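Next, two complexes with chain A in common: one pairs it with chain B, the other with chain C.
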Partner chain A sequence: MTAGWISRQRHLLDFALSSLGRRRGKNLGLLAVYTLVVFVLASVMLFSHAIRHEARLVLKDSPEVVVQKLVAGRHDLIPAGHLEAIRGVRGVRAAEGRLWGYLFDPAAAANYTLMVPRDQPPAPGTALIGSGVAAVRDAAPGDTLSFRAHDGQLVQFTVAGTLERDSALVSADLFLVSEADFRRLFGVPEGRFTDIVASVRNPREIRTVAEKIDAALPDTRIILRDEILRTYDSVFDWREGMLLVLLSGAILAFGIFAWEKASGLSAEERREIGILKAVGWETSDVIRLKTLEGMVISLTAFLAGYVLGYLHVFHFGAPLFEPVLKGWAVLYPDFRLTPFVDELQVATLFFFTVFPYTVATVVPIWRAATVDPDQVMR
Partner chain B sequence: MIRLTDVRKAFNQGRHNEFWALKGIDLRLAAGAVTVFRGPSGSGKTTLLTMVGALARPTSGRVHLEERDISAMPERFLTEIRRSTFGFVFQNFNLIKGLSVVENVMIPAYPVGLPHGRLKARAMDLLERLEMADKAEARAEWLSGGEAQRAAIARALINDPRVLIADEPTANLDSERSAQFLSIVAGLKRDGRTLLMTSHDPMVAEAAVVDRVVSLRDGRQVEAR
Partner chain C sequence: MLFQPAIIALILASAVSTLMLASSLPFVVRVLRRWDMASGAETQLEMERRTYLVATLLKLVLVAQGAALVLFVFNADRMASLFTGAMCAVGTLKVDRWGFPALYLHMAVFFLSAFWLVLNHVDNLGWDYPLIRLKYAALLGLAPVVAVAGGVQLAYFLGLRADVITSCCSTLFSGNGITVTSNALAAMPHGVALGLLAAGLAAVAASGAHFLLRGSGGVVHALASAAVLGIGLAAVVSTISVYVYELPHHHCPFCLLKREYGHVGYALYLPLFLGTVCGVGGGIAARTRRHPSLALAAPRAARRLVGVSLACFAAFGVVALWLVLRSHLILFEAAP
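Coming up: the complex of A and B.
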C-alpha cells in the first residue's frame, strides 16, 4: 500500500463527504429514515434474542423432568405416593414434590407466583419476595403482608427479605413461603404436591426414563426441559415474526425510498459524473466515490440505528415493543434485560440493511459511470 | 505532435438518425502552437476536439499522439492519457456547484494521489497566477463568467498537461474578458504548451497569439491559415 494510494483514498473520501454535504437535505432525510429502520429491526432482534437468552439462563437450572397428574385432561394435585413410583424407575436419580401456585393480590391487581423453595425455605409466617412484588406493594424487610386464604381467613407474612437473582425475569413476581403456610393458604392437604420433579442419571436417557414414568403412572403427563425450551423459542419466534410482519410495511416503504434515491441519479449527479470522467477520473474512481457515499450513509445509519436500538432495549426497557414481545406478565415494574449481543445477529442485520442499499447504489452508478466522457462537450 | 489520418465520426450509426459529424479529417498539429478550429454550428469542431483530446474514439481513421495510436485504445488507457496530457476548458466551464473554487481546481488530480497539502499548494499557485487567489474559497456558482473561466483554466492546468483544449472559450465573455483570456493563452504558449480551441469569435481567430486557424464545414476541413 503506497502513500499515493492512501492519498487517493483520502481524496475520494473527502470528495464523497463533500458530495453528501452538497445534497444535505436529501441525504439527511435518507439517513433519518434508514436509521429508523435499522433501529426498529435492531430493537426487535436485540429484544427477542435477549429474552430468549434470559429464558435459557433460567431454564438451565430448571428440572429435567416434571411429572404432573391429570384429571380429565386438567392439571391436578399429585399424590405423594407417586414419588415412590418415580424413584423406583430405573435411571431416575432423585424425585421430589413441589408446591407452587398463583395468588391474585387484589391490592396490587397482580398475580404473584407462590413457591415453596427446595433449599432453605423461609420460616413459617415469613416470606421472601421478588423485586416486582416489593415494588408494587412498596414492601421492605420487616413489613407485613396479609392475604385471604382459601377458607376466607387472613394469613399474614412478614417480609424476611427480597430476592436478587441473575435474571429478573423469573424472580420479579416470586413470593417464597414455607410449606406449612403454602398448604394453609391454598388448602392443599398433606401428602399432595403441585407436581413432581425428577432428575435423571444419564442426560441421554431422559426420553427413555420419561417413557418409563409415563408407563408406570398413566394418570400423569411428563414435561421435559427441552420441550419447555422449544416452546419458549417458538413463542418468541412467533411474536418476533408477528412484529416483523407488522413492520414490513415500513421496511418496504424504506426499500422503495432507498431504491428511488439510489437508482434515480439526478441530472445534476449525471453531469458531475460526466465532468469527473472528462477531467481524467476512471470509471472505477467514479464507482468507488459513489460506493463510498453509499457506505458513509449506510454505515452511519447502521451504527446509529444499532446503538439507538441497544439503548432502547437495554437502557430504557424497550418501551416501544414491550407489550408485544414481553407479553403475558403484568408484574415487571423495573425489568431490565441483561445486555446480550450475538455476532451472527449483528452480521445478519448488517447484511439485510447495508448490503441491499450498497447494491442498489452501485448498479445505476456503474451504468452512469460508463457513459462516454465526451458527453460534457455536447 | 498530434496527427489525424482520415478521421471520421458517426453518431447513432446504423440507426435511422445516423449522422456523420466528421467525414475524413487529415491534420497535423504542432507542439507548442496555438490552433483555432473555426466553423459554423454543426461543422464538427467540437467533435474534432473530443477525438484529439481522447474524450472519444473515431469511428474510423487514426489519431496519433506523438508515435502512439490512441484511436483504438481501451478506455482505461485513454483516461490516463487524458489526465496526463490534456487539460479541458469546457464551453460552459462545467465547474461543480456547491464546491469551492480551489476544490474544483483540485478535482482532476484526485486520482493521481498527490498528498493533500502539496496538491492544494499547487492549486493555490495556479489561482494566484490567474488572479483568482481571493476567490479560492468562494463557491463555484457565485463566480462571474470571467472568473468561472479562469477557475476552469486553473482546473485544466492542475495536472500540468502539455495540451490545453478549450471549447468556445470566449462564447460567454465580453470583449474585455475575451482579451484577458487571450493574454492568458499567450502566457501558456510562452510556457511551451500546445493550445487547441474552437471558436466562432473573430477576435480569437484573428488574435496575434494564434498560429493556425483550421476551418471546418459539414465535417470536412475547408481551409487552413
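Coming up: the complex of A and C.
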C-alpha cells in the first residue's frame, strides 16, 4: 500500500520535472527571480544574526557591572573614592577604575579609541595600536605619532607594536597608552577615572549587587552586561525587521510576478492539461501535479538562494547590506563573521518566501486544472 | 511592538490565513444553501469546480497554521533573552496578558485544522462529495477561531516591550502562589500523574486494538485520545519534566524544548499531538461510513489513522518511560 503510494508520487514527480523541462525558458526566469528574492532576504537574516552572535562573543568576557558617574544626566569622570565604596559591597570580587576615551585624529579623519590596559600597559611615551590605526596612518613599530593634547601641546608616541589581527572587531581602532600619557593627553586629574568596572562572584547576585551600589552611590548609573547584550539584541532585531519590512515590497512584487507567470498558460500547456483530463486525470490530480511543480521550483530556489546568501555573507563580507545593518565608522574593522545557521531563522525565511509564492499560485493552478478538455482540444 | 523577523512572519501568516478563510465564506454559505448533486444546473457545476479551489486554499492555510504553532513556541523561547528575568518561553508569554491565550488559541487552531483536514481527506475518497455540507459547516465554526487567534496574537505582539521585568518558570510553576491551571497541574502528586498516564495509554491501546480488530468503537478511541492529550500534558508538567530537570520543583513544560535538554520536548510533544490528531481523526473517519459512497473507503482511512495514532502514543509512552528511567532523580522509594 505504502509502496504503491510512493511509486505513484515518484511518477508524478517525474512527470512534473519533465513538464518543467518542456518550458525551460519561462521556468528558469521564474527560478532566477525567486532565487534572488530568497538570496536578498537570507543575506539580511544571516548577516544580522551573525553580527548579534559576534557581539555576544565579544561581550562574553566584558565586566559584569560598569559604574558611571552622572552629573546633570551626563557622563562625568568618577572619583577614586567611589572604588572603596563599591569594593565594600558584599559579593563584589574586584573593582577597578578604567581610563578610556576617544581621540579624533585630523590626519586620518578618524576616531581612535584610547585606552589604558589593565595589565601590562605600555611604557610611557609608547603605544600599542590596532590594525585599523596602523593601516590608516601607515605606521609600523618604531614610528612616531604625535597628537595635540588638551592644552594644545604636542604629545608624541612611539609605536611599540600592533595588536593581533584575530580580534579585529574589538581592536581595529584601539590605541593603547600608559596611564601617565593618557592623563597628560586629556588632562584627566589624578584620582579620577572614566568609569569603574566591578566583577561579581555569583552571577545570580549581579542584580542585587547593582541595587546595593545604586543605593550607596546615588550619583551613578549602573550598566549590567546583560542589559548591554539585550540592547544589542533588540537593536539588531529592529534593524533586521526594518529592512525586512522595506523588502516586503519586493516580496509583494514577487507574489504578483509569480501569479502572472502561473496564470499565463500557453495554448500548448492548456492543450496538455486538456489531454491529461481526457485520458482520465482528475482535477485533483492536475492540481497535485501543478503543486508538485511549484514545490520543485520553491525548494530549488530556496536552497540556491540560501546558499548564495551564505556565501555572500560569510565569504564576501555582505558588501550589499553592510552599511545598513552594521552602522558605519571610518575605521570600521574588516572582519570575517563566524558562520552560523539558526533553525528558527531558516523556518522564518521559509515563511517569508515559500508561503507567499504558494498562496499566489493557488488560484492560477486551479484555473488551469479546471479547464474542460473539449474546450482546449478543439 | 518588536520588529522581529519571526514576529513579522507570524503576523503575515495569520493575516493571509484569515483573509483567505474570510474570502471563502460566501462560497461556503452558497454550498450550504444550494448544493444539490442531482442538479445539472450551471451554478452547480460551477460550485463543483470551485470546491477544488477552496479546498486547496484551505489545505494551504491550515497546514500553515500548524507550522505557525511550532514557530510561535520556538520564537517565544528564543525571545526570552530580550526580557529581564525571562529564561524560557514562559517568561516571554507572561510579559503580556495575551501571551498564554495566544498560545492556547494557536493550539486550538492546530487541532481544529487537523480535524478539518481529515474530514476533507475522507470527503475526497467518495465520488459524490458525501461530506461537503458537513465540511463547509465546520468551516463556519473554524473561521472565527482562526480570526480570533490572529487577533489575540497581534495584541500580544503589539504589547511586547523589551526589558519588562517578568516572572519566570521557577516561581510560576512552583506549585504555590498564583492559581494558574499549570500550577494546579504542577501540584498533582507524581504517583497520581503517572498512574493516570498509564491508565490513559492503556485505554487508548485497548480501544485502538479493538477498533483495528473489530472495526467498531472508533468514537471511544477518539475520546480516549483526546483524554490522553490532557493527561499527557498534565503528566509532563507535574512529573516527567521534574525527572528531566532532576530538580523536584522545576515544572516548566517549555524548557524541555531547549538545547540544554537535548530538545527532548519535541520527542514528547510531537507524538502526543500527532497521536491525538490521528486518534480523533480516526473517530471522525469511522463515523462517516454511513454514507454509501464511503462504505469501503472510510473504514480503511479510519484504520490507517488509528494505526498511526497507536504508533504515536506508543512512541510517547516509550519516550516518557525512558526519561523517567534514565533520570538520577528518585521520586518513589522502593519498599525495603
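Here, the second predicted complex is superposed on the first by the 290 of 378 C-alpha atoms of A that agree within 3 Å, B and C clash if a C-alpha of one lies under 4 Å from a C-alpha of the other, contacts with A are read in each partner's own complex, and residues count from 1 in each chain.
Note that in this section contacts are C-beta pairs under 8 Å (C-beta built on N, C-alpha and C of every residue); 3 or more make two chains touch, one makes a residue touch a chain.
Here the structure is a predicted model, which is why all the values come from computation and not from measurement.
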Partner chain(s) touched by A:Val359 [first = chain B, second = chain C, both, neither]: second
First (chain B), second (chain C), both or neither touched by A:Thr283: both
Which superposed partner A:Ile78 touches (first chain B, second chain C, both, neither): neither
Partner chain(s) touched by A:Ile275 [first = chain B, second = chain C, both, neither]: first
Touched partner set for A:Met242, first chain B, second chain C, both or neither: second
Residues of chain A at both interfaces, chain B in one complex, chain C in the other: 283
Chain B residues touching chain A - in the complex, by the definition given at the top: 46, 49-50, 55-56, 75-76, 79-80, 82-84, 88, 90-91, 94, 96-99, 103, 106-108, 110-116, 119, 155-156, 159, 167
Residue ranges of chain A in contact with chain B within the complex: 2-8, 10-12, 14-15, 18, 21-22, 268, 271-272, 275-283, 285, 372-374, 376-378
Touching residues on chain A, where the partner in the complex is chain C: 45, 226-227, 229-230, 233-234, 237-238, 240-242, 244-245, 248, 283-284, 287, 291, 343-345, 347-348, 351-352, 355-356, 358-359, 362-363, 365-366, 369-370
Residues on chain C engaged by chain A in the complex (per definition of touch): 2-10, 12-13, 16, 20, 49, 52-53, 56-57, 60, 64, 67, 70-71, 74-75, 78, 81-82, 84, 124, 162-163
